[in-house]
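Shared chain: subunit A. Partners: subunit B in the first complex, subunit C in the second.
Presenting the complex of A and B:
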């Protein structure tokens, strides 16, 4: 190979390396950007009058007098809609039975869409579920409903080779010549005065409890549950981990027993998280019976076992990073080994140990699999501190899964899911960021 | 250390511990160290407990149903009466996404690690490392959410074009590089410089046209693919590779760093370029550490639950043909997570214990691969320390 080829090879080698770094950064961006965008949409969006109604009636937030005025305004704008419905119903009475039956089902669909958009129609019985007591709270949902109202969705199966294609037919065609025909253009033109959309900053998304399985309201119960679980796990794991690290760095002799303990530590670090869940179920709940069934305590203990190896490793590294001169000076002054550890080594290693603790806290907060069988429930109220020994809790990580894949209206509450993911990611990344900054400061300090 | 102060003359007794005190101190030391040891052994006890309690609940399954069905049948109907508990397809699914994610993450991760440790200047590396840590810190359920809600619909609607773009982006640069290098190799060494230049241009053009044709043909084939369901093995493999990357990068970077300056400088001194130094000197020296990194990354992928549960489609069958990554699959972890909810009301049934059998399988796998990677790292450390 001559020099030119070697140079080209060298350059291309560098290019490959840099491309892979860029690809990784791209991967991070591709994952994070849509989540941040969607998540912010849960906090800041165009809210309708229905949103303000819920906030006032369920949480006592907002300006009551202004709301009353707005409701009056929307009632006025909605009145013609209800008049159209009334007129059409009267007209239907006089139709011949075949046509009546045919139109009745189509009319039922119109009524369902309208009730979904505007809230319960006058004259109907008051619905029991909260989700049917209010109309659409977000403007983009209103737009979806409007589209549903104006168009019928049909599927084109004409080409058996390809997947069926969706297409839309104006709904007004079904009601041509009846009293209902006027409804569609009216709603299309007056939708804004019927819903009064306004840019809304919904801080309550974080601090409110959820209403009717997250159809409305916020995610406070989940945030609190995550907090309890993660902090609980650290209460167990942090002291244990630091003590074990002291043993490994200061007392352990270099023998078979110690190396066995060390490989036990790395084995524990490699156990799949779902197996921790199985163990938590089989041991803490079915054998030791720390609680009747799932509880925050059982979940915290399971998480504690999971993060223990990380804490031990981080604490070990932090202790080993303390310059040996500190220790020698202290021992030289005649203090005992234990005193040296407590007064010299640990204080010097503390920031490093705390860094490890913070990272583990983030990991405990984000982990799902270990709490599925031990602590998490999909719907639940906020629990008090006294309940942690006996009752399960909703948690961000579990509820993200649950809302995204098991919720009956998963498609309608995407904004809640995005909001939850963003909250969880922000919690975890902020914890990690503070750990990184703390570590940078330590390394600067140790360098002098 | 306390009985040597007698010469100073001033109150020597103050520094001498009475036998009583000495004994108490010794007991305190013994108790204290015993306590430390007990806490440190806690981890080992936990590991034993995990094995014991998972095995205790797994064994009844094998007593009830034996081994053959679990490992050789693909019929998974745990809810039927009597149920079928063939986990072969599920084990295959786990293996499939693991291999898939390794295929993406290993080359990418190793080249990123090399770039971080040997190519980029220190100032850039300082910022790249935290980014990698962030990638590692994002909770798995967030990746799962991304895979299910954002990525799966994209794959389903624009699967072909996405595959084509990925092909062009990833294979394109490599193929073009290969063209340049191949042309250069064939043209060089003919002596005459002018002739060499002409030949090089001719070869580059010839190979370039062939290469672009090849890229275009594969891209066109890919873009014609219709993906029926976005929740499939490909989706999961890609997302899992994101999750395995940080582990692979940081562990292999550590082992590349551990190789030390002397080897590198020796190679440079002999006139090798950076690429030659890395490929022929540094990589062989760090190979066992990199192997350990790959094993750790694979472990992360096979043990991952949320992503596969949310985005793999959870259908228990072996894809047809066996390498079809566009079909839905089901994995061990997702089965445990998904079936326990229905099974745990009936503790004692085969349906409950089969999940522990799967847990045991995962546990044994992680134990074995952890053991291997640890051995490898220890060996590398010994070799680098000078055999």
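Presenting the complex of A and C:
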């Protein structure tokens, strides 16, 4: 091949390589930017007085005196709303029955929207579920409710060829000429003084437990559960994996049995995680009965089996990468094999072993399938360290799935889901970062 | 070559049972009379890698407190023979031996021989400097610590003594806590010698200790061997014949696994008895 062709080939390959890297970086940005934006929305948002009420009443956080003042202020602003309702109800009493029946259901809708936005209306019985005891906590939710209040959603079915179209009709038209007509412009103009929106940094999203299935509150139970499960898995898998790797590299003879063990290990690394999940249920819970039912212990054991092959492989590679001259030097000085492994080989292999361990820790933290049947619950209390042997726990990975698919109010609390995703990604990223730093530090120490 | 060997055979030195061919023993009987005692004795000693006989039925006495050089072309089995003396070949799974190799009257490959104790008494320095990725102090103290010395004061004494013996003390005394991998190649190799000396061995095996070093560092290592002469039994494998003639009292010449000639260095280099030896030392070797 002549020089010209070679140069052209080199350049075109460089171009292709750079393009693919740029594309990958773009793809990463496209994935990460919305996650970060949505997730930060759980921490930093425009909160209403209702948010501050919950924080004060449920967690004892915030400035009580200021809150009392704010509540007085909002009640003053809300009083006319309730007056409109009272006047309209009185007016309805004297209407003719046909019109009354027609308006009653429309009025019911207005009341529901108002209760959703402002919290329970005066005179109504105290709701049992926490989610009905407070109004809307975030300003964008208030705006949605306001839109619901001001407009009636209708569907246009006129063209059978196409899907129906949504359109909005002002709700005030339904109540023209009644006492309620004044309500709509009033709410529209005074919504801010009724809700007192204020930029809020909600650190409690990380440190508070969730209230009423994540409708309010934070995700501490999930973070802690993830931590327990991942660390628990490593407690089992790391020592076992390192010992197995030492056996494979230093003690095992090259025979049929060990080559079987090796290929079994490789196969195990490729088994889908849901299979591990079902295995965990069948083996740890139903057969061995490590716990009555789902528990952190059973989940940790299942995750441990899942990450074990990775740890063994990484530790094996790391041990094999230690120069044989170290081993010769140590043995030549009259060291035993065991001493050599402990004082020379393992310290030199440590960066690689730790990297494998932390990457596995990240994987254990992020896996969903193995804990579905063995450890995770969608709604649960924060558990203590003593409960890990018997209690299941919520965990980030599982609750992200749960909020995305099964939660009844999934649409209203997207910010919680984003917040969980961001937290999980941050945890895994932090773990990997610490692996890189630790590795760099130990390598530097070894290189002198 | 085979022909010449056969003809030498008939020259008739005491025949040793079953040897494929006669070995040109031994060394310097005169020195034996002067008080030299055999330290390592090989009798019909063969080393195999699988089926391949890398060292063939060697018979030789290695004398105490002398420097013995082992020379020969690549792949002739000289390193294999050296590494057999402190059982370093145990690391190679396919390697096994026949015949006997005795160290102070004890069979090195005996059933009940503790190779750990053996290696404590037979120290080794390798071709490539191989300090541990630890501090200079910890490198030297590694051996003594293995053998139960934990007193810091005693360890410090041992470290100083060993480094002085290896003529390295003046260069590193102010940075004993630095990582040994920061030293130059020559310093690292002398550190390895010091590390081997720290466990107070009787025999020091040097496996091409200067092949990875520049001439200046090589000279220092040779000076060091000169320094240690008389205190330890030293075996040195080398490719460099000038080096062998400079540092050694006796020289063994290996060729294709056979110990072709073993004689006082002066004799071997000035008046080799074997044609192959002569070809090799004069560089007429193809």
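Please note the rule applied: the second predicted complex is superposed on the first by the 415 of 448 C-alpha atoms of A that agree within 3 Å, B and C clash if a C-alpha of one lies under 4 Å from a C-alpha of the other, contacts with A are read in each partner's own complex, and residues count from 1 in each chain.
In this section, a residue touches a chain if its C-beta (ideal position, glycine included) is under 8 Å from a C-beta of that chain, and two chains touch if they have at least 3 such contacts.
Computed from a predicted structure; not experimentally measured.
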| item | value |
| --- | --- |
| Partner chain(s) touched by A:92 [first = subunit B, second = subunit C, both, neither] | neither |
| First (subunit B), second (subunit C), both or neither touched by A:348 | second |
| Subunit B versus subunit C as contact partner of A:334, first or second or both or neither | both |
| Which superposed partner A:254 touches (first subunit B, second subunit C, both, neither) | second |
| Partner chain in contact with A:309 - subunit B first, subunit C second, else both or neither | first |
| Partner chain in contact with A:438 - subunit B first, subunit C second, else both or neither | neither |
| Touched subunit A residues, subunit B compared with subunit C | B |
| Partner chain(s) touched by A:325 [first = subunit B, second = subunit C, both, neither] | second |
| Which of subunit B and subunit C A:211 touches, first, second, both or neither | neither |
| Shared subunit A contacts, counted only where both subunit B and subunit C touch the same residue | 334 |
| For the subunit B and subunit A complex, residues of the former touching the latter | 1, 29, 32-33, 35-37, 39-44, 46-47, 49-50, 53-54, 56-57, 107-109, 111-112, 114-116, 118-120, 128, 130-135, 137-146, 148-150, 173-174, 177, 180-181, 184-185, 188-189, 226, 228, 242, 245, 249, 273-276, 278-279, 296, 299, 302-306, 309-310, 333, 336-337, 340-341, 344, 347, 355-356, 359, 362-363, 366-367, 369-371, 374 |
| Subunit B contact footprint on subunit A (complex, rising order) | 1-2, 4-10, 12-21, 23-25, 27-28, 31-32, 34-35, 162-163, 240, 243-244, 246-248, 251-252, 260-261, 263-279, 281-283, 286-287, 305, 308-309, 312, 334, 338, 359, 362-363, 365-369, 372-373, 397-398, 400-401, 404-405, 414, 417, 421, 424-425, 428-429, 432-433, 436 |
| Parts of subunit A lying in touch with subunit C, wherever the complex brings them together | 253-254, 323-336, 339, 343-344, 347-348, 445-448 |
| Complex contact set, residues of subunit C against subunit A | 86, 88, 91, 93, 116-121, 123-124, 126, 128, 130-133, 142-143, 146-147, 178-182, 192, 195-196, 199 |
